[in-house]
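Structures given as structure tokens follow.
Look for subunit A in each of the two complexes below; its partner is subunit B in the first and subunit C in the second.
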Partner chain A sequence: MTQLPEHTEKSLGLVIDLDTCVGCHACVVSCKGWNTENYGAPLSDQDPYGSDPVGTFLNRVHSYEVQPASGPAQLVHFPKSCLHCEDAPCVTVCPTGASYKRTEDGIVLVNESDCIGCGLCAWACPYGAREMDAVAGVMKKCTLCVDRIYNTNLPEEDREPACVRTCPAGARHFGDLSDPGSAVSQLVAERGGMDLMPEQGTKPVNKYLPPRPKDKIGEDIDVLAPLLEPVAEEQRGFFSWLDKALEKL
Partner chain B sequence: MHPAPSVIIFTTLSGLGFGLLAWLGLGLPAVTGIVAFIFFAIAFGLAVGGLMASTFHLGHPERALKAFTQWRSSWLSREGVLAVAALLVMAVYGFGVVFLSVQWTLLGWIGSLLSALAVFATSMIYAQLKTVPRWNLPLTPALFMSFAIGGGALMAGQIKVATVLLIVAGIVQVAYWIVGDRALLGSGSTLSTATGLRFGAVRAFEPPHTGTNYLLKEFAYVVGRRHSMKLRVIGLALMAVVPVLCLLLPFSHVLAAVAVLSHLMGVAVVRWLFFAEAEHVLGLYYGVR
Partner chain C sequence: MRQPKLNTSPPVSDEVRQTTCYMCACRCGINVHMKDGKVAYIEGNRDHPVNRGVLCAKGSAGIMQHNAPSRLRAPLKRVGPRGSGEFEEISWDEALDIATGWLEPLRADPEKLAFFTGRDQSQSFTSFWAQNFGTPNYAAHGGFCSVNMAAAGIYTMGGAFWEFGQPDWDRTKLFMLFGVAEDHDSNPIKIGLGKLKARGAKVIGVNPIRTGYNAIADEWVGMAPGTDGLFILSLVHTLLKSGRIDLDYLARFTNAPVLVNCDPKSPDYGLFLRDDAGKPVVMDRAAGKLAAFDQPGVRPDLNATHRHAGVTHVTVFHKLANRYLSNEYAPENVADRCGVEANRIRMIAAELARVAFDEAFELDQEWTDFRGERHATMTGRPVSFHAMRGISAHANGFQTCRALHVLQILLGTVEVPGGFRFKPPYPKPVEAHPTPHCVVTPNGPLNGPHLGFPRGPQDLALKDDGTPARIDKAFTWENPMSAHGLMHMVISNAHAGDPYKIDTLFMYMANMSWNSTMNTCGVMDMLTDRDENGDYVIPRIIYSDAYSSEMVAYADLILPDTTYLERHDCISMLDRPICEAEAAADAIRWPVVEPDRNVRGFQSVLVDLANRMKLPGFTQQNGDPMYKDYADYIVNHERRPGIGPLAGWRMDEDGLTEGRGAPNKDQLDNYIENGGFWVGHIPDEAQFYKPWNTAYQEWAVGLGLYDAPQPYIFQLYVEPMRRFQLAAEGHGDRQPPEHLRDRIREKLDPLPIWYETDQQGNDGFTVSALTQRPMAMYHSWGTQNAWLRQLHGRNPLYVPSALMREADLKDGDWAHVMSPHGKITVPVMEMAALNENTVWTWNAIGKRRGAWALEEDAPEATKGFLLNHLIHELLPPKGDGLRWANSDPITGQAAWFDLKVKIEKADPPDAAQPDLPPLRSPVGKGPGVLAWKVGK
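Up next is the complex of A and B:
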């Protein structure tokens, strides 16, 4: 049923730390790997080793340059995947009931056997979180690794989304954002976690932690510079003669 | 937005087909027998042909029946339900008119209303999307409805009404362009709100992938936008100006055919622009419109 639940027992989601992300794309690769080998249709590639490769990904990392009013520009790496919105517009537009938001944990999923591949849910998503798989003809999206997080066959430390598990920088956090006591909620409160495109009214569950203000750079930057000053301004001796001789040639 | 031919054919043809059905349901023109058969055949051909075309872009058209289930929340589902209901009611009404020479007036009115609602539901598929500010306007349903009813009147041979309605459709189209051109700016969505990075001017530095992808192909269609002004003039001339001039001249079947064909081509042109010019807010993440 594509009507949204009035209330979900939990709001599982991600908190992504833009201050810590180094833009290595490891989360992109682990996501592609896990979600190709496990639940649902594999994430296909077209012409993967050719000149024009295209493929389905559930997580992509943009990079932005931010130029403050003064001081140097800053590069921000920006991973983006489904935000599992409370008011998910992708769910209500679905004509078949394939898209749904789970009451128990708030995860937005696609029932692939009901999806007709009309693409309207991808149109309704402001974040580009849904991609139609060119081979399977069904809509693919982040499942929050629903087949990992409850999977008792996995060791406990692996029961989190593949992107979170793999992140070498610790920039991705997973938890229940409806519980104010959870580690992720505390992180959001502490660091001023924010919504993407709040004006779209989607009420995203995933939050982004803004980059911390950069330490002062400027005056201190050339602390060693005096030692690098050229010691001989004027040429003397043999090289001076050589320079002049070559000039005359 | 990517102007998929299947969707342009669908909205153009079935809009016109349901527009004609709406007039036929009202008994305008009050035809019976073989003449009625031809009118109904054209209307059903356009409406059904358009609906068939719309299934071509589906990943799994064999599951299309499932699309009738979610009418409580989905405009796409509502559109399917209303279209099929309109076709069924109008088929019964058409049977009476063609074979029994009787007009079941109430049934005709219901069919007419359902046909108009089917077009409205089509327009709401686009108008509901906050992600495409140019579509997320009250003028979008006005545009689809004025085209369907005006074009339907033209097809139904309602010369005086069609003249007025096609002029109205032309005015709605121009208003849609004027308002639509400011819609993205007015939506308040920028790369700043998209990324939440507010401590300086944000610029898309490096995209997440070196090639293209589904998102860019579907949402960041820019080819042809530079010709949009020329296409607007051509489309408006074909869909409204030429047909209205034809209708103002003394009636002949050749002129009527010219008017209908010109209108059909004009609607296809402006419908192509409707998609090609529409900007999805996702483009902001890629630094494109």
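Up next is the complex of A and C:
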């Protein structure tokens, strides 16, 4: 069994805006590209050109249809990767110490040289955020791009996770959730950021901003109605209104 | 616990090479990270005007495109029958000898060559090649993509969406999106939506399907396909009736005040009253006299009536108001057909008006208009619109696109802060575009550019005997304003010998035996059909592609292209530019790696062929070639003196300059040093009101976008359409054939109309069937990509809940889907966020077995499918012996989205039907495992 740190100096994580995510998978593939070439073993693909292509991804986008109590059905795009939980069950279940949570920033990582590929952590994670790589035989997971965010070989503006840098709609935000003054914490406060499955008691660091209410345009009908008052009932009346309106210009 | 020591600053790459993406048509800037001389990682270029550093799934997966096992390796000569996929690899010398041997004799009779390019990003070059070869038969894929949008925009306001312009993302407060839009301008729209969402601005999505951008829209209007035009005209009705339109804008900047001849007996009936100089005339409200529309000091009157030479003239606005105030367009009278409640239409109109007028604002920026009037501020109307293929790909698409442009003009939101803004070289009125050219001279060049914008019947591409000059029948009475040609009719017409037979079909990047064609199996039959002598009906087919696409098997000679990281290209302002509303911009591709196969960039191959045939335009007076390859052409070609394919880093007496200037031998290096692109900023005073803004006009002339200022007014009423109608009414020398007279009279209305598309043969087929392209795929290319095909490897037919129940279907079941033309058998999946009478699927995922180096049991072949099998390029026969194209009667745009089907439950087959025999792969198959890591 592996211990979690008592305290981390920061809680780095992602804030994902479900009102903005269009489900384009840019984050998924950018993550795949960076993490295939960088931290640890490449993210392999089995049968990549065959009948059942299956590869390792650290970040996936799921889409859910939602039927509200009234109004038309909605579609929510839901990107999901490791949430870097404060009480990460994937760490405490690890028999070798390969899974650990960093004291300096709270990132949950797998030390691949100590990973025996037993898969217990994937069973323990309630979010399904870990994937065993079939070629390397080690557990892969989101590193929050630990090899980017401090990397002095990258320009300062690029020291953020690949998924955040690439997100075309700007639906992904990165920062220190333990600092109430950080931009991400403020966003969470303003927009009612939520934990994923809080009942699991994992205290995820990543937060989700919920979709804003939709399909409300007809509800304030009385307010809007005067806006469309006809200028005349008859067509001839329209042209005399026009003349008067033109005079005023 | 001790934490392991971790190097958080590992080296990222040896070098970054910056070029332009080609994973779709968006043309973003990319940083290609190199390790050991190989491509290691691709990310967006932060400095690039298109994507500002972000990159979509396709772009990030470029590395898997670049290493795809489906890449062709060498020129191929067909050795088996057409369609078998049996080839032998040959040398480039042999390939080019064969091609020259076929092409050169055709110069004596150049219409025997049909040269059509698909998703070509070098159309100003390929068209130049075709023009100098001398064939009238050239176009790219616009005719089966979005010509309705492009042409309606040009004719109405001098530009359309996407490449022509963009919403003012930083200021707009209400954004209304029509139809599928995820496939074009992908990153800029997502960046824009992100900006709107960040500040809580509203998005209204109008689309039968609630996915992608519509999924995050604040309001979703899931209307019935093909009724957008009716819905828009109902908004117009509602806004007019309540006077919620921008009268000042209409009077100053549009042809609303222009006077129109109202005498049905006059040969000029419906045409504009013009002065001696030919300028349209308005009534000056200040002076009470007629004046040219652009006369300094004139105050055009929207409500004038004028009698001239015994003929009454009223304003365009008068005609427009009379038409759309009619109760025919009242929300109650369109609601059922559109599938949108009347009240909802009214509410949307109210919201448009509220934001446009009650949230108007002023930018503190002086400017001078084309009449010489100085304005202290710029008025913002923060409503903007976008649409692409969704509303275009119907046989009423041109008029629907026109209606949308008229709506935004009535609100006064075009080219104003907060509204829709053009991107250079647009705005550009019809008058600044060429007319079509089709006059052939044996062994000489064509008499001008193939494609253009007809002003009337005189510009049709007809031979002296009145028959079509072009194989695709573009610019004929069947579709007079077909500005992008009709690629979807080329094979069908060539096979039918209608209007004539050809010898060689030469195509580039166009998967015409699969997803890029209607009636897919029929087209395969046409490509392989033999005449009574046993010869192929289409005698020769040359094809260029980088990959083992389905079309490869149907060609006689394959000229293998490079991947996008191995080639030179220019994203030119002569072509389809990448400018932004605030700046002109162009870009290049350059070989960030050299090909490891025996392949060549197609454009360089065209230069080689031109040199072998000594084509004019490519040959110096002494007979020597002008250009050795495409890179040489990009740098040294001048379309007009001082104007070349690239605007950046040209030369004048003082050294480097931009826009106009002499060729600069180091130009490509200058581009590479700057990240692969050039940007020229528009001055602050010229940022808005571009068609009318003196500062913009002067800037554009200085840059060389055109040679003299050309201010113009927006065309609510399109006079060229009226000229075609006049011909149909019997006026003029060029007369339409009798069977088309009524259609031209009805459909070429100079004010937007809505009509139901031709429903003949649709009895019993009541469900609309659509396709959308996923954001993570582009045409066929995605399925050869090991990463992207894991995201979208299957494409079930999505069926609304009630239809699922009705047909006793549940997820995973199979259904027969039948249209008047054909039948397919496919897997289904229920979807609730969908118009109740519409089914749809992702397009271009279904694959032919054996293509794209996929295993033959790949899900793209066993479960993926094309709706194309259900759509014919012709309408059902009308019994008159004529071939009626399934196209818009104005532009000839392929009417993909008019498809009607019925569905019934099917026993699960072994594979989606039709299940065609496998193609023999010319490149073998891909590896069984990938663990792609370039660096150690």
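Just so it is clear, the second predicted complex is superposed on the first by the 214 of 249 C-alpha atoms of A that agree within 3 Å, B and C clash if a C-alpha of one lies under 4 Å from a C-alpha of the other, contacts with A are read in each partner's own complex, and residues count from 1 in each chain.
Just so it is clear, a residue touches a chain if its C-beta (ideal position, glycine included) is under 8 Å from a C-beta of that chain, and two chains touch if they have at least 3 such contacts.
No experiment lies behind these values; they were computed from the predicted model shown.
Visitor: Quick one: classify A:180 as touching subunit B (first), subunit C (second), both or neither.
Guide: So A:180 meets neither subunit B nor subunit C here.
Visitor: Per the contact definition in the header, classify A:242: touching subunit B only (first), subunit C only (second), both, or neither.
Guide: Only subunit C; A:242 stays clear of subunit B.
Visitor: Based on the superposed arrangement, let me know which partner A:28 touches: subunit B (first), subunit C (second), both, or neither?
Guide: both
Visitor: In the superposed arrangement, does A:65 touch subunit B (first), subunit C (second), both or neither?
Guide: both
Visitor: Looking at A:3 after the superposition, I want to know if it touches subunit B, subunit C, both of them or none. Which is it: first, second, both, neither?
Guide: Both partners, subunit B and subunit C.
Visitor: If we overlay the two complexes on their shared chain A, which of subunit B and subunit C does A:230 touch? Say first, second, both or neither.
Guide: second
Visitor: Looking at A:80, would you say it contacts subunit B, subunit C, both, or neither? Reply first, second, both or neither.
Guide: Touch status of A:80: first partner only.
Visitor: So, does A:122 touch the first partner subunit B, the second partner subunit C, both, or neither?
Guide: A:122 contacts subunit B only, not subunit C.
Visitor: Which residues of subunit A are in contact with subunit B in one complex and with subunit C in the other?
Guide: Touching subunit B in the first complex and subunit C in the second, residues 2-3, 25, 28, 52-55, 57, 63, 65, 67, 73-76, 97, 114, 136, 211 of subunit A appear in both lists.
Visitor: Can you tell me which positions in subunit A touch subunit B when the two form their complex?
Guide: Residues in contact with subunit B: 1-3, 18, 25, 28, 52-57, 60-69, 73-76, 78, 80, 89, 91-98, 114-120, 122-128, 131-134, 136-139, 194-201, 208, 210-211, 213.
Visitor: Which of the residues in subunit A come into contact with subunit C in the complex?
Guide: My answer: residues 2-3, 5, 17, 19-26, 28-30, 32-34, 36-38, 41-42, 44-55, 57, 63, 65, 67, 72-77, 97, 100, 102-103, 109, 111, 113-114, 135-136, 146-147, 149-154, 157-158, 162, 165-171, 211-212, 214-218, 221, 224-225, 227-231, 235, 238-239, 241-243, 245-246, 249.
Visitor: Provide the residue numbers of subunit B that touch subunit A in the complex, in ascending order.
Guide: Of all residues in subunit B, those touching subunit A are 1, 57-61, 63-64, 66-70, 72-77, 80, 125, 128-132, 187-189, 191, 193-209, 211-215, 218-219, 280-282, 285-286.
Visitor: So in the complex, the part of subunit C that touches subunit A is made up of which residues?
Guide: Within the complex, subunit C touches subunit A at residues 1, 3-4, 6-12, 33, 35, 40-44, 46, 51, 53-61, 63, 69, 182, 186-187, 190-191, 193-195, 197-198, 200, 204, 210-220, 222, 238, 240-244, 247-248, 251, 285, 301-303, 318, 321-322, 325, 341, 343-344, 346-351, 353-354, 775-776, 784, 786-791, 793, 831-834, 853-855, 857-859, 862, 925-935.
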